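Pasting the structures here.
Two complexes follow with chain A in common, the first pairing it with chain B and the second with chain C.
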Partner chain A sequence: MLLSPTLLVLGLVIGYPVLAGFRESLFTKGQGLDADGFVVEGERFVGLDNYTAIFSGERADAFWNAFSNTTLFTVTTVLLETVLGVGMALIMNQAFRGRALVRASILVPWAIPTAISGLLWRWIFQADGAANALLRQQILWTADGFPARLAVIIAEVWKTSPFIGLLVLAGLQMIPREVHEAAQVDGAGPVQRFCRITLPLVRPALLVAVLFRMLDVLRMFDLPAVLIGVNQRSVETLTMISWFEASNLRYGSAAAYATVLFVYIALIAYLFVKLLGADIIGAARQRTRRPRAVRGKRTGKAAA
Partner chain B sequence: MRSISPAGGAVLGLTLALPLALTACGGDGGTGGGKGAALDGRGPITFVTGKDRSGYLQEQVDGWNSGHPDEKVRIIELPDEPNDQRQQMIQNATTKSDAYAVLNLDVVWTAEFAANRWLAPLPKDRVDLAEMLPATIATGQYRGRLYAVPSTSDAGILYYRKDLLDGAGVSAPPKTWAEMWAACDKVKKTPAGKGVDCYFTEVNKTESITISAVEAIASSGGSVLGPDGRPSLTTPQAAKGLEFLVNARKDGRMPKAAVTLDTEGGRRYFQSGKLLFQRQWPYQYAMADQKDGSSKVAGRFAVAPLPGPDGPGVANLGGHNLAISQFAANKASSLDFIRYLTGEPSQRANLLATSQAPTLAALYDDPAMVAKFPYLPVLKTAIAGAKPRPVVVRYGDVTAAIQGSVYDAVTGRTPIDQALSGLQGKLGPLTAP
Partner chain C sequence: MTRRALPYLGFTVVALYCLAPFYWMVVSAFRRPQDQFDNAPVPLQWSMENFNAVFSGDNGFGRALLNSIVVAGVTTVLTLVIGTFTAYALARLDFRFKNAVLGIIVATSMFPGISQLVPLLKLFTEITWINTYQAMVLPSLGFALPLSVWLLTTFFRQLPFELEQAAMVDGCTRGQAFRKIIVPLAAPGVFTTAILTFIAAWNEFLIALSMVNKKEMQTATVAISKFTGVSGFDQPFGTQMAAGVVVTVPLIVVVLVFQRRIVAGLTAGGVK
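Right after this comes the complex of A and B.
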């Protein structure tokens, strides 16, 4: 009973749009012209035609291209971000002079709006830009082609590693100092302490951060759109195809792409929580020292 | 869960309330939507246009407002990006809102907007088209009916470094592609021509490459769509046009980096002094001629009509047209305002203030204007012979297909004939009657 207002609001802001989007994906409108050259009006129910169209003929090539781009970006950027983010967190967690300055400067990329960082990197990656000057190469980063993918990955990692760094830092600060001290007394080296103490204890926070990043990067649109442009094969993601369909007035088809992407994201999130998430909760239960509020919040997020 | 519920509820409540409030604000629309033919209704109207970079538009609207206190015009500025403007206008039209009255349309949108019945057809007898350049009027029509009045025009012209050509003993700008390459070779042999690239036209994968391709194909006597509106790309003419773009990059006439340069990138390139010939819009003239040091080529360049394979080339038409939204309430006021903006005094003042090319033929021959804008005679010739981009309802799809195929050919990913036959196949269903 106490949950019913929350459920109602969730139903309205999440459930309704998802269902409305799905309904839209079963219709088509305004595709034919009549004898006078006017678009034939009215919506027509087409069942799953919008979905079968995605997977047939030339559209299928575009779809699988976007699908593999999306997946490639997700795998590479999240991996790199995790490594860099953990490194950043470890640095930020150390006590040294100027720590506040280092913390602030690490967080700067995360604070810049994506469209602006897209422009920034576009400028760095232009043919006579800083990247080529530094590498002494003539790489056409911003043209449609393989280097464009690299450019997007670099910019995305630069932008979002601080996010993982920040969440992991929060996790690190939860680790009691005594555990480290005890390990040190037992003769554990820095590497051993990192692998045996820091990583297991920070794991729940890290997994939440990685899950969030994965869900985020799977619907990436703005960075490649600003940095390279729309309709560029090498960096086209699933959201970009959906956008293209919508901007050419095929709302039904756009909704179909969005629904496919939604299912893909839901599947990844489910697998992630299923394979690793159960472990999050289990690990948290074992550690009675962890404050309750944090655990409650985490399970809430995992459920969402 | 209990501890975060109130805050979470508040946030969610806000998220919920926001769109509701927004729809409430926009809810006054939807009452317009008259039957069409008769343009009636007088009262305040809106003028919907892209970002006004010159800042002069408000002044022009003030001029109208002081004379029409009961039919005041309010400017609604849309984003800078053309596609964003189109999106917002479409959103307004699909909700049948009367918030937008006069629309400033890009020339390539006319077919799509007219076919969807978003524009009120205009009576030809009540708009003074006789004085306008015929090529521009064609862009405001769809299937023989007039939907939009041309207000500004644009066409590609050839910028060239007069000082370098003079130094190499080339007395006149090239009229053909072969002459252009020959001039390049001569200039390269002079000391001043060392390190100067030969030619540039935009080939980055945007609308620009569509324009470059349409120009090259039209210059060779071909066209993307035939007279019947169906694709006609498997012709020797189309192949010859595309070959020009492909070979220009392959033979190093255009630098490899050309595929990354947009319109502004091209302008900076020319202004840096490292470029001999460039296909560009007229707006560059004033900027490249700045004597404040921002341009290294000030006073050293001139313009000419685009070259072609055997004679003058065919430029592509840009520019904007003014139309009335089908759902506008005060269509009579809207038509009067369009006639005011496209009239001679407004176009003259606009040319002087913003250097946007007019659509009235007489202004191109006006000695006072030519003294201020020396490129006008060249531009007039260019517009007179110019061809529009494909006139199709599904223009967004058509241009995306052209961009993909031409880009693949220019970057050497697909051979020319394969790119053209592939494009022919893609355009078929998109242009089906």
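Right after this comes the complex of A and C.
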């Protein structure tokens, strides 16, 4: 009973569209001649034509470009974010004055709307903007090709590595100091302690953070759209190509692109959870009536 | 000596990395338009001209801000009302398929927005909802609900069950116990969820861009990205940076004031 409003909304806004989108992807819109030679308008069932058009038609090239862009962005940004985020968390885990200040400052990139940060980086990457002045180079960042991709990656990493940093920091703070001290007594160096103690213990937190980031980058739209522009080969992602089709009222093919992306994301999420054992809903799945003492430690205190 | 200086060096690097681009936006906003392409770290002469340009002329930025507030506000309120009931049920009541329900709710937050967008766009076109608030609020609900149900469930679980039992022993019904005991106690958690939901809805771009083609109904993020300069082709970066400051600074102030809570909320899902 109490669940019904949520399930209703989710069913209406997410369940229905996914199914309707799949149905839509089997249709095409526009004019055609029917069997008797009359012109018919409206939607026509075309079966899997939209999909074959994606994979092998004249637009196949655009699809594989968008597919490889999406994959490239996902791999590079998530890798960089993880490295930077873990680094930030390790730095912030030092007990020093001013830690609160640093933690406040890393919330700033997270709070800036993606579209605004796209504009901000577009401004920095202008031909006569700050980036070129700093590097003493004349790179046309926002024009095309490799620099454009690099610009998107830099901007994305800037905005989201603090998120990983925060989650990892919370994980780090739950590691008892004694564990490190014991290892130190046993003669483990800093590198060894990091690899053998810190990493395995923050692994659950890190895996969830990485999974969230991956799923988010896979559907990236705002940043490349604002930073470089839509319908630009160099940075077009799957979401962008689908959006472009939809904005030109080619709903059938837009829905087909969206469905392909959906399957791709579902596949990656499944593999990630299966292979690495990221336990996403574990936190919420625990038995309702567990002893309080265990539960209280889980969240608020760790972050405080 | 170096050992003690090292953490501070690390702090400085992290703070610089996070704040420098934001600082650049603020500084660019305060430059005079004629100094726009000057790269000095501090404006030659501070000026409010860019801010005046944001609110004047045909940008319609005031209206866009209002639209953003309406859309994000309504989304937040609805999400909280619906999400609280669901989360309460998931945290307290025992029924079959509970884990499955929670799993489905969490899984929906991972769906790509674009796969909702196309059918909804078509549906809303048919029922003439294009250029309305509900066309933006309803899809946003779909994104906001899973996150907030999850957060609220975590928060409700932290409240001791004994409190409700005591209230019910004293003669409260389950509904009364919920209203008089749980809601006040859960207020901090609900508040955290509200902030996170509001920020997510405020930052939304894809839906707002697609569901609206009339200038008066654009939200702030979309409006800024569509600012046109005086000369038409030039992108008016100064004005855009100023508008960006207007949109971002209130958010950042809220985030900094409530940073402890926000960090707790962000990590609630990710860390066990």
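Simple rule for what comes next: the second predicted complex is superposed on the first by the 251 of 304 C-alpha atoms of A that agree within 3 Å, B and C clash if a C-alpha of one lies under 4 Å from a C-alpha of the other, contacts with A are read in each partner's own complex, and residues count from 1 in each chain.
The working rule: a residue touches a chain if its C-beta (ideal position, glycine included) is under 8 Å from a C-beta of that chain, and two chains touch if they have at least 3 such contacts.
Worth saying up front: this structure is predicted, and the values here are computed from it rather than measured.
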Partner chain in contact with A:Arg233 - chain B first, chain C second, else both or neither: first
Touching partner for A:Val157 - first (chain B), second (chain C), both, neither: neither
First (chain B), second (chain C), both or neither touched by A:Phe244: first
Which superposed partner A:Val86 touches (first chain B, second chain C, both, neither): neither
First, second, both or neither for A:Val13, with chain B first and chain C second: both
Which superposed partner A:Ile112 touches (first chain B, second chain C, both, neither): second
Which partner, chain B or chain C, touches more chain A residues: C
First (chain B), second (chain C), both or neither touched by A:Gln138: first
Touched partner set for A:Gln126, first chain B, second chain C, both or neither: both
Touched partner set for A:Leu201, first chain B, second chain C, both or neither: neither
Overlapping contact positions on chain A, where the chain C interface meets the chain B interface: 2-3, 5-6, 9-10, 12-13, 126, 128, 247, 296, 300
For the chain B and chain A complex, residues of the former touching the latter: 1-5, 8-9, 12-13, 15-16, 83, 86-87, 90, 114-117, 142-143, 204-206, 256-257, 259-261, 265, 393-394, 396-397, 400, 403-404, 407, 411, 426, 433
Contacting residues of chain A [partner chain C, same complex]: 1-3, 5-7, 9-10, 12-18, 20-21, 24, 88, 91-92, 94, 96, 98-99, 101-124, 126, 128-130, 133, 158, 162-163, 166-167, 170-171, 174, 204-205, 208-209, 212, 215, 218-219, 221-222, 225-226, 238-239, 242-243, 246-247, 251, 254-255, 257-259, 261-262, 265, 269, 279-286, 288-289, 292, 295-296, 298-300, 302-304
In the complex, chain C residues that touch chain A: 7-8, 10-11, 13-15, 17-19, 21-22, 24-25, 28, 37, 39, 82-83, 85-86, 88-94, 99, 101-106, 108, 110-123, 138-139, 141-142, 145-146, 149-150, 153-154, 157-158, 160-161, 199, 202-203, 205-206, 210, 221-222, 224-225, 235, 237, 240-241, 244, 247-248, 251-252, 255-256, 259-260, 262-264, 266-272
Sites on chain A touched by chain B in the complex: 2-3, 5-6, 9-10, 12-13, 30, 33, 36-39, 41, 58, 126-128, 138, 140-145, 229, 231-233, 244, 247-249, 293, 296-297, 300
